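Per-chain numbering from 1; labels A, B and C assigned in written order.
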Amino acid sequence: MGLRFRPVEATFYDQFTEQANHLVTGARILAEMLADGADHEAVAQRMRDAEHGADETTHAIIRKVNSTFITPFDREDIYALASGLDDVMDMMDEVVDMILLYEVRLMPAEVSGQVELLQRCADLTAAAMPNLRSMQSLEEYWIEINRLENAGDKNHRRILANIFSGDYKTIEVLKLKDIVEALEDAIDAFEKVANTVEQIAVKES
Amino acid sequence: MGLRFRPVEATFYDQFTEQANHLVTGARILAEMLADGADHEAVAQRMRDAEHGADETTHAIIRKVNSTFITPFDREDIYALASGLDDVMDMMDEVVDMILLYEVRLMPAEVSGQVELLQRCADLTAAAMPNLRSMQSLEEYWIEINRLENAGDKNHRRILANIFSGDYKTIEVLKLKDIVEALEDAIDAFEKVANTVEQIAVKES
Amino acid sequence: MGLRFRPVEATFYDQFTEQANHLVTGARILAEMLADGADHEAVAQRMRDAEHGADETTHAIIRKVNSTFITPFDREDIYALASGLDDVMDMMDEVVDMILLYEVRLMPAEVSGQVELLQRCADLTAAAMPNLRSMQSLEEYWIEINRLENAGDKNHRRILANIFSGDYKTIEVLKLKDIVEALEDAIDAFEKVANTVEQIAVKES
């Protein structure tokens, strides 16, 4: 019933969910980029399209927050959440772009673990966004994202140790380091989104 | 006539214009750094002076916003615009500093395209700042900056592909990658300024 | 006597002091990491513990600011100061972690100068935090931090020139550059804290 009288607020939840769904798509495309025999050019093009789609949703949220008098939570938190979600997409796009540009074909096996982790983070984030309305079940979400980020950090360190083990030529180390650090940044960006959600939930409770 | 009764607000526009004019100077010095036979030490010293000048303008704006009761637009937007303009200068300064420090003499030809693009962004930004008062003609400015940033991104990718083509020694790749990424960051920083201006314009309209 | 009537505000000063004391510990552990014959695994573990301790203090401040009605200074400034102090710790932790991960044993001698400088910044910051209550003696603090940051910047440039002098293998350049840039970032992070304190002091004066 509350909804009937606050139709404007409803759309923010829909838009955040839409933004998070773009991340689910982006994480899937990133996984395809790593598959054996992937057509890098074609996959990277699809990633660029997905990133543009996410951009449009972000701009729609910013436009709305700038033109709406009453917002469901603090204006600055809406900005922070929208730009946080947008950052994740930018970083996943960057990873795909680097793989294309550096013409990297061989990567340490543990890299796929980081990508699976990103997919899991995207799924959890997309499932959590609609709960912003009721502010229910959000704690499990941010605790799980923090747990995944810790696991990703451990995996990241194993990958770096592998890259610097002496098995790779220095020019390959340079490329791989860039790629795995961008993966790590994308996971961190999911954690930042979860922290923003936590902050919103604490304020509203 | 409005001006007569709001003299305090006027100075913010002057100061933002001053800040943007520092960027015009900075972009020109950066172009000189890339010229054949440039005296790297001397040019870098002039860049440092220009950067200090820009810093002083930034601090003057921050001091004013902290001590002024009525500001022409939201306090946080004034901070964002001032620090955004300051970031551009820092990044151009960093590029010049890296060229000096790494003793780089040979760069991919496309690098000069990025610097021309930075000069164009600086000119457009300096021309746009006085329009913050009337909020007129700003849309053309931010659309053009976004177009230039897209062109810069395409050029950046061509440069990276060139650097990683195998024609450069790995130690040179390491240096050149740093420099061209800093150039790309400077262009992105201009786009961020344009986004801030867009946000201010949307709020005020 | 003021304290009796504003017990809530008091704790923020205590917490900021606690946060800064974590930085003193962190800077000391970082210095131990660079000592000859240091047990890298053991020292890095202690750094991780120190970083967790700092994290807990940061979260306690964020929780408090979100649940407190009257704060001693602007809510956004409390966030900025808490996250600024937290950033310093993260960066010092990152340096230690890189030294462990990259198995770096030999570093340019000037690196220890940067670490001494970080220790000095930490001591000054810890001494300044209690003065936030009276807003006295803060100017000397931020002027001295800015002076140290300038000295650190000069030293950083000497180290980079050394690293790129041709004496190091490219793979070592890659590792050392990462480490010394992280040291520089940590010093910059101290300066950012000092700038936040300056901003708070100007507003409150």
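Note that in this section a residue touches a chain if its C-beta (ideal position, glycine included) is under 8 Å from a C-beta of that chain, and two chains touch if they have at least 3 such contacts.
What you see is a predicted model; the values in this text were computed from it and never measured.
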More than half overlap in residue numbers between the two sides of the subunit B-subunit C interface, or less? Answer same or different.
different
For the two copies subunit A and subunit C, what is the rotation angle that overlays their Cα atoms, in steps of 5 degrees?
120
Where the centres are mean C-alpha positions, what is the separation of subunit B from subunit C, in Å?
28
Shared-contact residues (touching 2 or more other chains) in subunit A:
170, 174
In the complex of these two chains, what residues of subunit C are touching subunit B?
157, 160-161, 164, 170, 173-174, 177, 199, 202-203
Residue numbers on subunit B that touch subunit C, as the complex places them
62-63, 66-67, 97, 101-103, 170-171, 174-175
